[in-house]
């Protein structure tokens, strides 16, 4: 079969970072080719090189056999390369027809009638359930996604890149999208499909290319690559040489009343009903790929998203946790995944950020004195080794790791019984990472229960005594014991259930 | 480091501007600060300024809170004050006899009306997520007609001794009553900020609503509360304005005051997009506007050109208060200090940028 | 069953109404396009006056539209013309944009009177306009002032909204007298677009602070005069009948008239919102075959001072609430 796109030896570096190193990629006419890899593997960079957002440092790109070098997305588009991203980049307050055609830049004057007719034709031919005159925002997300695709392919598209197109769609909508993809495939369009959902990869893809740490791992026929192997390739541990990692953490064997216990918990964020328990002094973790529901599960426990079902017991007593404040009052603390948007109050001082949770718990009418607040702040700045000019420095001017420590300090100050840490070590330097891991274990020894979430399996293995594996927004399995290995985890993620 | 603090202090620039204005006034005549006792009360430029700015100061305080929590401004404050004061007048005039009790009672009723108005605006903003300016536009448009109807279609007269003394001077008290009321209000308000977490909560909600919620703060209630407090501020301002005027003119009472109140917040160095705030800054801002108006009169700027002069002055003021100008000023001081002492200390902001830089590198790595 | 009874009743009532109309003398159909009463105390009195004069009892079938929106006013006027009114009375929100209305009225044979506010158009496009003569009001006040035989005339002029008809007219008289050397303007300020009491107070306070010697306050409306007097009181400067500073206000607010009556102020000039009676007399005469007046007609207005003021004037000619005899509004 003819290759519509052929890339070889692609390298791309940013100051201090080697983003792509000697990567190859090929796309046939009329195939769906999944591009797989964990966060930071280089998928986005590769796509940006294809679409001309970034210029490659070295390497060759052949489009239909011709060597090309795109300097801008516009150039790539003119050659029939269209891209649709996770966030729909259309104008919600314009009509469907306008979204399909406006901004193509050919004509200053618009023939509205013709545009509408063309739009109707296009929508019909792709079987998209929308009217040309309908306002875009009145369409469902899936339809909007399809319109974005329709817009891309109408530019005589030969290569279509879909970057996480399904992450905000429900199953039915995903199926609609897949129908459209098959239709395009039949017309000979080559599709590059980026997703975190493994099942979807296998449902629609013909071939799979795996990247890891900016390097090309391999290109495989989907039919001949078991899910299990795919996961191990993405995570970078060949099945055979996964060595056991010695855990520093002693397993807590005394199992009294669970500190927290949930049955059938689910939230509006799309996490399916799950059961979950954590005991005193236990460190457990949600593990899974991005989008697997690991953060959503944590948020459901803390009621950060609206809880829609489930029975919850704290220390054996039945409770209702409807909003974060309820959880806080029951001794639960939560460090959110996105530090900038959910964690820090950027403009406020380190002091105010540290005392915030305890202050809220104490009450609206009982503010801490300035002196008391200073004492608290100084205590934790010292004990967590937070690097800041003073307690009054705005927290936004601290480095990422120190901001993270401020939020940890905020929760430690409340002396929680149960602490949920979602990606506490993401984007921070190695030294701080180790400090935080040690802190988690220390807290556990002191009797605090901790749920730990991280994208790094090794870190999880080192800190957690029990791992709850998430997949497609539900619990896929649970692993515990000293002999848990990465291999076991991959098995569960790949959908095999616990390893036989 | 302590001296540096002055430059970072939010109220510094408005104070500087105020000082410049006063200097201009002094150049025009050295008697600017002169004070005399007339009819048993202090009289002079300064008492006149304090007297004239009282409503604006009170409204600017409420406006600051609302700005902080909701990142928008209430343009209906003048109209709200007109409605609350019309209720006040109505209640006073319906009483058989005007005693201090009836006046206080009527004032409390007007405060309730202010609370209701604040709750109305606050509900639109906090629960229905309407843009504050759009939400308050409703009352801004319809409010004066409502006050007109409450007035019974005639501008009623408050010609009685008690309200007259509240609007001017109480015999035996050497300071005009509106000035005293403003001082009392400011004191009560600072006590409110002292004994509650209002400032912390409002700022948290204004800076990062999502994070505030995750820390147990209910953004809806906080926003609602700030609007209700502004409603009370409106009622107090309306009370002072109507006792000053002695009659209720639903058409012109506190007209256009909302723009000055918003301006006071801005001059005070507060971001109109919400978040961190300084009440002191806004209060200074309000007095600055009053001094500016009077300075132009004192300089006998022509009636036709007075508006243009005011506009030019405000433009200069806003540029001075902008982050760019602040940064430059801080750097200039740094430079001078370095020259004087021979020691270069890295200012806090630059240090921040340095550490921010390493953070950026990491995030690039993440994205890749 | 019940339904049909209801129907019969309705028909019966309708019949009664129709015969009633037929039997009574034919009413004169009048359409009034006016501003909303909440616009000002002046307008409130004006709207009320229109309603009282153009009533059924006086032989009119009149309808009034009150809006501050010019396009709504125009739509209402067109509606009245379509409905076949005999006379159309207009007080326009905006001075321009009325030509189509006036043309249609002419075509339909509707007679148009303007009241209170003029329109930018050829006077042949309407029958007559009854308005206040702001310049005459100003002259009346200045003439009164100059007849007071003060040793000198140092005036603080407090203008209204700059460029408004009232401000231009009322200021003109003072400026003319100054140019003729009859008085001096020691301070020239404005109450701004809202004719603001507070602004007027500041103008006078600034003049006092600057040590200006003045003995006349010429405030172009009552509210601003009140603000000016507050500034005098606070500074301990006497005014009114036996005081140093003469106070002149405009508009005949009842509180202002009571202040004049009490000798707290000196003089107030009328700006009458009551045009209905005069226009009605024109219409009645026209019905009896007499000719109508043409062009711009100025209302006869009056000035009162502490000697000429009477309770009757206050009650009949004043606008807005009456504080009551002997009550001073400070």
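As written, the chain order gives the labels A, B and C, with residue 1 at the start of each chain.
One rule holds in what follows: a contact is a pair of C-beta atoms (placed from the backbone, for glycine too) under 8 Å apart; a residue touches a chain by one contact, two chains touch by 3 or more.
None of these values were measured; they are calculated from a predicted model.
**Student:** Chains in contact with chain A and with chain B: which ones?
**Tutor:** The shared contacts of chain A and chain B amount to nothing, since no chain touches both.
**Student:** Of all the chains shown, whose C-alpha centre falls nearest the centre of every protein C-alpha atom combined?
**Tutor:** Of all chains shown, the one whose C-alpha centroid lies nearest the global centroid is B.
**Student:** What's the distance between the Cα centroids of chain A and chain B, rounded to whole Å?
**Tutor:** Using C-alpha averages as centres, the distance is 44 Å.
**Student:** Averaging only over C-alpha atoms, locate the centres of chain B and chain C and give their separation in whole Å.
**Tutor:** Comparing mean C-alpha positions, chain C is 36 Å from chain B.
**Student:** Between chain A and chain C, what is the separation of their C-alpha centroids in Å?
**Tutor:** 71
**Student:** So which bits of chain A are touching at least two other chains?
**Tutor:** none
**Student:** Spell out the residues on chain B that touch chain A in their complex, using ranges where they run on.
**Tutor:** 194-198, 200-201, 203-204, 207-208, 210-218, 275-276, 348-349, 351-353, 355-356, 358-359, 361-368
**Student:** Can you check the complex and tell me which residues of chain B touch chain C?
**Tutor:** It comes out as residues 29, 31, 38-39, 41, 43-45, 48, 51-52, 144-145, 148-149, 152-157, 159, 164, 168-169, 176, 244-247, 249-252, 255-256, 293-294, 297-298, 300, 302-304, 306.
**Student:** Which residues, counting only chain C, touch chain B once they are in their complex?
**Tutor:** Within the complex, chain C contacts chain B at residues 36-41, 44, 159, 162, 187-190, 192-198, 201-203, 205-206, 209-210, 223, 226, 230, 233-236, 253, 255, 320-324, 327-330.
**Student:** Using the touch definition from the top, list the residues of chain A that touch chain B in their complex.
**Tutor:** Spelled out, the residues of chain A in touch with chain B are 14-17, 19, 39-40, 42, 44-45, 214, 302, 304, 323-325, 328, 334, 336, 341-348, 352, 356-357, 359-361, 363-367, 387, 389, 393-394, 396-400, 402, 410, 426-429.
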